[in-house]
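Inspection log for the structure reproduced underneath, given as structure tokens.
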């Protein structure tokens, strides 16, 4: 096999759903493409989608949208590092100017810093339109860096990427300062529906969520994470829509919350994904199956800059919610999970 | 489109290498299949592989190999929780017996616990042969749970999975107690080779590693992680070899270490992956492209149980090292990274 | 002032309580000495103690008791590091022998490892009787290290302490592998009592605990921690009983759990402190006020080795629970916390 | 003993130093009061101070100064939570007005948020002058909350403190968004001095710092922390100067950095403490020994608001650096640490 030949890894993919989505002021039904080697993921997510169809729908909000890259500079001393940072924080318009020359859609939004000894870590944050924005922030950060090095000749280059960004690595900074879309998907499930379709109760899911997703994750030494298996749904949607799926690392730092409404007894179920990195343009988006999927999802329409990508984030978050709800419900019932798995494994072999 | 129809996501894939590998007492050259939407990953990893070809090779050791699932039980009180755990810790042979009935290859290896109030988290650990072992540990944990509930009628079921496992979620527990193969890949690069092929010095890489991978990640609030982009290489090899790629979450919690040999001046470069979850049998492994890749990697041979999977872990770790070395070297040179990206992007469009 | 002259910092101290304690099969009432500059801490903790007096008491269990020190060794290669670790794991009796010569009370209990590249981190764990055990584990680790260096001439010394211990630093390892007493204090508060003494409901406290202590801490990027202010009570008891109070760092990584009993409606309230490091002998314990406090607490009696220290851990955990309960209750009532503070501040000035 | 009687815990205290300090444009020598049960801490810190006396001094910079409290509000839905947050982010001047009425010195500085499902976490940040500011931010946060609840009648109170502050709990948020003084202390030690006074080399300390403080802490699952024993020095200075010493929890999340100057061969040694919470007014500061210590440190002079507290932070950071340098140097020499301890323990008993 010639090393330069490009082959394909043909990963099984299905359309899962429909699920009922409430986004951007409208209600609609959507099927979500999911590519995975783990076929039990499809029926599991589909069960959550079926629940959503009998409710008012999964309402998704996007609370923020930003991309970031950090650079690393070296000052002669901590005092000079502090002085340089203070000056740069007063110089944001000039930095914005440098950054914004690098792209038609990328726009500087803010700057954050850390200093350790004489080392300066600068986190350049940008809006990146419909692109996930990795390359855009790298180019923007490089431009900012070159400008800063010109303005502050006492600073020296240390690295164009300094892990305070941080890309495809678990962190707290991404959730606190933002990286990707900050998506919140929520669903209200009446108790009767909970019993009928999920064979469980709102209280059982709420208790399990506290014990497993919050407390269990804390015991495991998890960071900014409280969910059952968000990574599975993220991976499958990412692969089906041409995303850089290594971003499931930060994407999966998601918070599932389940509470019982004290008045109605409904299950209030939500999944919050503060770092959902997706794009509808860029690497991988021109592949035929990706284009078809993005078209079918309505993420290739003429919209304001960034709206297609945010729509994709909303749909992805809804799919994550479906998978979370289904697994959490299953775990409240002893035996259900393994029986379902066994049945699916058998079915998969037939 | 009919919901139940299975399509495929055709992800671009290349054979990258060859790299020189030293594993299990033998030296060999290997090409590694990588499937990704991010085409610059191929030449970047290939550069690291080229360096390895001019050295004694990337030596990989597997220090441990285990899989885990945690269950959650509820006791009437903390005192009874403590008593039950003490009893179970003395009952490991009986638990092993229950666990080992569930699989031909899965073998109980140990048990760890946490107690919070009256809640008992038990982490069941097993050897799972050539399978990554997700289903095996779930079945084993279920058997253990049923036995324990029978022996301790004062305990009640709370969950078959309690996030102290922990699967596809960032954590500290997986690295400390083990989950997946504990793989260490190391390479010694003489200074002259470092300058010639990577246009940098051992000292520059060592300094950058401390500042970026260790300190930068700490600043970002990372957990048990110190690397530049391990997730990228892991994802690509996982997709090409039929792995459940959501396991890059824990897999990417890897440690890149770079030191200058005080005597020879060589760069000592290593990547340690304490949670490399891979298998050569199970879901996804029967797909034709997966079979072809596993065959080509020598991971479908008649070996002792688990040896094929450990070999795959070793090769994966070596590929991660190649990508880490290449990016770290590039970052020591201002401008190199963006120029390389721009060139590749252009090439990709032609 | 002559540098070598020893003065005293006279920190205000009160006896807080009594609280009702159930420990080691007996029920008793205890007043807990607390030294602090923050006088509102006394009435806050006292309120929790008053609640306990009207219940069956705060039941405390000690689930484990161990101390640890990690050493760092350097091997010529990762392969040799792996081989050395494998050999050492088979050599525990010999390591125990080396460790146990260093102290009359210190006893080797186990060994855990991490390998990064060619570096070996060994965590030596010991029982240390009634001492908190810092010096004992250092001496034990040094003995183990010297023995290991003699047995494995290919290993080299790198450090007697390697932060995988870890002492007075936040971590996940201490909770997972153990360091200090693993103490669990729990209290059942009937709903009527909750309303009468705490002006709140079990459900309100349970909901707040999930939102604030679990979710809020996760958002903050906390590690293995879910409590409101355990550090405050720990510090005050530590100072009053001669403890090395820098150990509140790991001590405060505690889990407050609050659930409503589905059958009785009681509040089930517990605080779990996996890393409570206390001793009744050693540095500071011979100071007159410390001796008086330890005597009054019944922690200077003729008991089996370690029992005095474990009793002190149990009392400390009970005091932490009192403070947690009081603050959590106050926070469920808008205005209560600030009003209480204002009143106390005024009282403090009179 | 009457419960309400206030006694004192008389903790041994010494003046350690002098150390050479460069702060706020001036060079001076300072003795630092340290109260501790652990007497070996005094000579250890004093050794670092002696090194500083033969250099240009420990230069300390304060890069930021802020205090924070988070509140928790509940919206009817995630969509309304997002809308409320967006509105509040545009309403900062009005929030500042509400906050600033609560104190003469406290000033609103910024606002950050997190949303999970329908829950809103708001982090109110303030300048608090010479006070550490715990009470000031609580009062400010309460005022902000009352105003917000009046402006947004769809929001409901959930908690006045929500652990996204976060107070006396380990976190990432405090370092990333700021809480306390952000202090950086750095010292340049020529190689000859390093050999003479510390019996080690810059390279040995730099290597150990990477292996122990950075890598060892990462292995332990530490969060935003890389130091040997910052907590010890912090505790001792805090107790001697009337600080709420439970704040060593966040204070000890400090970064020790050691690099060899490539040109001069000097050791560049620094300790960065992003969360140093100290005050020179407030609880505990009126005690005679505290007043005497603050006077002696020059922290009770007529200065601009906040300057006395920042000076205290600078001195504290310098003391931490002395202790870090001394222990790190000792650990590079096999046997030194235990021998020193044994000698001191013996001396302490005489």
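Labels A, B, C and D are assigned to the chains in the order they are written; within every chain, residues are numbered from 1.
Criterion: a residue touches a chain if its C-beta (ideal position, glycine included) is under 8 Å from a C-beta of that chain, and two chains touch if they have at least 3 such contacts.
Everything quoted here is computed from the prediction, not taken from an experiment.
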item: Comparison of A-D and C-D (more C-beta pairs in contact); value: C-D
item: Identity of the chain that, by mean CA position, is farthest from chain A; value: C
item: Intercentroid distance (Cα basis), chain C paired with chain A, Å; value: 37
item: Whole-Å gap between the CA centroids of chain A and chain D; value: 34
item: Centre distance in Å when chain C and chain D are each reduced to the mean of their C-alpha atoms; value: 22
item: Touching two or more other chains - residue numbers and ranges from chain B; value: 114, 116, 119, 171-173, 175-176, 215, 217, 219-225, 255, 257, 259
item: Chain D residues touching chain A - in the complex, by the definition given at the top; value: 59, 61-63, 77-79, 81-82, 85, 112, 114-119, 171-173, 175-177, 182, 184-186, 221, 223-224, 255, 257, 259, 268, 270, 272, 274
item: Touching residues (chain side chain A, partner chain B) in the complex; value: 1, 3-17, 31, 33, 35, 37-39, 46, 70, 72, 114, 116, 119, 121, 135, 138-139, 142, 157-174, 176, 208, 211-213, 215-217, 219-225, 227-229, 231-232, 234-235, 239-240, 242-246, 248-249, 252-253, 283-284, 287, 289-290, 296, 331-332, 334-335, 337-338, 341, 345
item: Residue ranges of chain B touching chain D (in the complex, touch as defined); value: 172, 175-176, 203, 207, 210, 214-215, 217-226, 255, 257, 259, 262
